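Paired with subunit B in one complex and with subunit C in the other, subunit A is shared by the two complexes that follow.
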Partner chain A sequence: MRRASNIVLVVALGLFGSACTDAGEPAGERALDTRLEAHAVLASKPTAEGHRYVQAVAEAHREADRLERSAAIERLLAALEQQPPPDDGAAELLHYDLLARTAELMLEASAAERALALLEPHMDPATSLPIDRAAARGLIALGDAAAQTGDHRLAMGSYARALEMLSLLLEEVES
Partner chain B sequence: MSAPSPTTETERETERELAALGEAPPSAEELALLAEAGDLTSDLADVASVARLASLAEPFACDDLSDLELHRAWRAVEQRSSAQAKPAGGGPRRWLLAAAGLAAAAAVVIVVLQPFPREQTAGRDDAQPDAERVAKVGSQARATLRTLDDGVSDSQRAERMAAEYQRQLEEHGG
Partner chain C sequence: MMERVGLLGPARAALLGVAFACVALACDQRASEGVTVTPTDHSGDSGLKPEGEFEGESINELEVRLQRLGAKQDQLVTAGSTDAGKCEELCQLSRAICEIKTKMCEIADEHVADDAYQNLCRQAKQRCQRASESCHRCVQHHERTNQSSSSTPRAASCEGEPITR
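Right, the complex of A and B next:
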């Protein structure tokens, strides 16, 4: 099983991304923010709480497969109300998979604003994301939602962060 | 099922290189990835060349970067490009992963060094990157994501992880 380590990687891109923002920008004006904070996911000791969480997520996905889109979104949102236990890598990865799938379904349903509202609190540039395809997928969904709602700065920043995350993953696969 | 016929010189060259390595011709998905990467980087003749990238990126909007920060930025790109250029030697399609990684790095450079054109930002506080560039970078991100798709659905992945979790829990006496 995998666990989020305490080692937080502040990817070099963050330095340059923040350097590209205007320090004098008024509050509320969204700057291009390409910071990516990420952490490796390592093995951890499984717990009963974690087991209940991963079972609940698996069940939510299974049920969503059998539902039409709007019902599937509601089923997945219900599963997202449960928070993954801290320091549980498997639960964390499943949480991001769940987020990404829910947001993608919302985008398919032309509910970009809803997807944006769902993803933004979880994928803020200051939040450390697990180095995993699920996080990259979530960032791309965030970019798509932002692009569809006309926030091109957020879209560009999110795509850049996704690409940086994918670069890390590709390096891992290649090595 | 037969592989699709390459239509561009890049695709034909890729097919020749694969044949020389004794590998199968590129699939339709791989050809699509090459096309997307080529589209994004078509104005970056040599992504591995830091000097060329720098000249293409001018003028960029990061006037407040110090010389040291610029040096670090280009060095990071250079190191990544050098790493991607190492001989494969591993499993099949490593070249595709390398190409995808390089294209992703190039896209990041475009985003960071050219967030939006200078003329677009002049005198405007609410300037946004143009929609076309956003769409291109988004397309590149999705193409790169597809290279890491293992074909397993969310349900299957969750089921497998849940089963593995249960096995581990039992091993720990839970």
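Right, the complex of A and C next:
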């Protein structure tokens, strides 16, 4: 797949050409926000720190595969405490994939509030996300969590952002 | 009439037959290569020359040729599977996009009076349709160019699967 991997491309995309933000929102209610801040996947230089991170995440996934759901969630959460090395594209994708899997397990366990609390700080509309399926998967999980908790604005915004991300990926494959 | 037929003796008829066969084969080869040759003069010399060097017909030379053709076939097979991989990727993305469209429109159905929701649903449908068409086009193109491939993704599967790994 073609990637502009060595240039950080930061794009602010309002879904379908314009961001939907509701000016006349009742106080306390979340606005419908479809902004997507995104960047091309960063290049990865082989570093000892990056290698350690990859190994730690792989080990967490491997162990989670063997555990029952609640134990698997705890194991993955423990792995999420470790931050990916900065400017390491591969590590960043692993981080979002780990986040998404953890949230999906929480949703399966009917713990939507917990999934929401996990994902929101990482996938805020102001946070730049790598243009990759891992980030799209996280946005979908965020949408699912919001929908299950009855927050339709957040759900719609997150799905719209995921749609934009996937459309970018589709265009990349088509070109 | 009989006289004219009589002028074509068996030897002349055979020569004419060979000439017709050569012309037909030449035309057929050009057609299969997709090359259009426009006649520019009638001198009888088309200017077309055999390409490459004479490769010989000894067992060693044929073996080298066989190896080269084998490598070429491998390259073509690889190119074919790359196309299939691209279609698979396009169709996976298409399914994911259409899955999100379904979720968005379900929410929009609960807010029928809200224009923002309705617009997002409508635009998600357009994205889904466009993505599905892209998947279908890719699969059809791949099927046309590689009829014998059995690993071609099905066009009917362009919608409706969640994005998971």
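Quick note on the criterion: the second predicted complex is superposed on the first by the 148 of 175 C-alpha atoms of A that agree within 3 Å, B and C clash if a C-alpha of one lies under 4 Å from a C-alpha of the other, contacts with A are read in each partner's own complex, and residues count from 1 in each chain.
Note that in this section a residue touches a chain if its C-beta (ideal position, glycine included) is under 8 Å from a C-beta of that chain, and two chains touch if they have at least 3 such contacts.
None of these values were measured; they are calculated from a predicted model.
Engineer: Quick check on the subunit A-based superposition: subunit B and subunit C, clash or fit?
Structural biologist: Overlaying the two structures gives a clash between subunit B and subunit C.
Engineer: Which partner does A:160 contact after superposing on A: first (subunit B), second (subunit C), both, neither?
Structural biologist: both
Engineer: Now for A:170: first (subunit B), second (subunit C), both, or neither, which partner does it touch?
Structural biologist: The answer is both, since A:170 touches subunit B and subunit C.
Engineer: Just to be sure I read the superposition right, which of the two partners does A:143 touch: subunit B = first, subunit C = second, or both, or neither?
Structural biologist: A:143 contacts both subunit B and subunit C.
Engineer: Does the superposition put A:90 against subunit B (first), subunit C (second), both, or neither?
Structural biologist: Only subunit B; A:90 stays clear of subunit C.
Engineer: Looking at subunit A, does subunit B or subunit C touch a larger number of its residues?
Structural biologist: B
Engineer: For A:50, select first, second, both or neither according to whether it touches subunit B, subunit C, the two together, or no partner.
Structural biologist: First partner only, subunit B.
Engineer: Looking at A:58, would you say it contacts subunit B, subunit C, both, or neither? Reply first, second, both or neither.
Structural biologist: Once the two structures are laid over each other on A, A:58 reaches subunit B alone.
Engineer: So in the superposed three-chain picture, is A:77 touching just subunit B, just subunit C, both, or none of them (first/second/both/neither)?
Structural biologist: Neither partner.
Engineer: Using the superposition on chain A described above, determine whether A:32 touches subunit B (first), subunit C (second), both, or neither.
Structural biologist: In the superposition, A:32 touches subunit B and subunit C alike.
Engineer: Just which bits of subunit A does subunit B share with subunit C as contact spots?
Structural biologist: 1, 15-16, 20, 32, 34, 97, 133, 136-137, 140, 143-144, 147, 152, 155-156, 159-160, 162-163, 166-167, 169-170, 173-174
Engineer: What part of subunit A is in contact with subunit B in the complex they form?
Structural biologist: 1, 12-13, 15-17, 19-20, 25-26, 29, 32, 34, 45-48, 50-51, 54-55, 57-58, 61-62, 64-65, 90, 93-94, 97-98, 101, 133, 136-137, 139-140, 143-144, 147, 150-153, 155-157, 159-160, 162-164, 166-167, 169-171, 173-174
Engineer: Residues of subunit C touching subunit A in their complex?
Structural biologist: 86, 89-90, 93-94, 96-97, 100-101, 103-104, 107-108, 110-111, 116-117, 119-120, 123-124, 127, 131, 134, 162-165
Engineer: Within their complex, state which residues of subunit A touch subunit C.
Structural biologist: 1, 15-16, 20, 22, 32, 34, 97, 104, 133, 136-137, 140, 143-144, 147, 152, 155-156, 159-160, 162-163, 166-167, 169-170, 173-174
Engineer: Would you tell me which residues of subunit B are touching subunit A in their complex?
Structural biologist: Going by the criterion above, the answer is residues 61-62, 64-65, 69, 72-73, 76, 80, 83, 90, 94, 97-98, 100-101, 104-105, 107-108, 111-112, 115-116, 125-126, 128-131, 133-135, 137-138, 140-142, 144-145, 147-149, 153-155, 157-159, 161-162, 164-166, 168-169, 172, 174.
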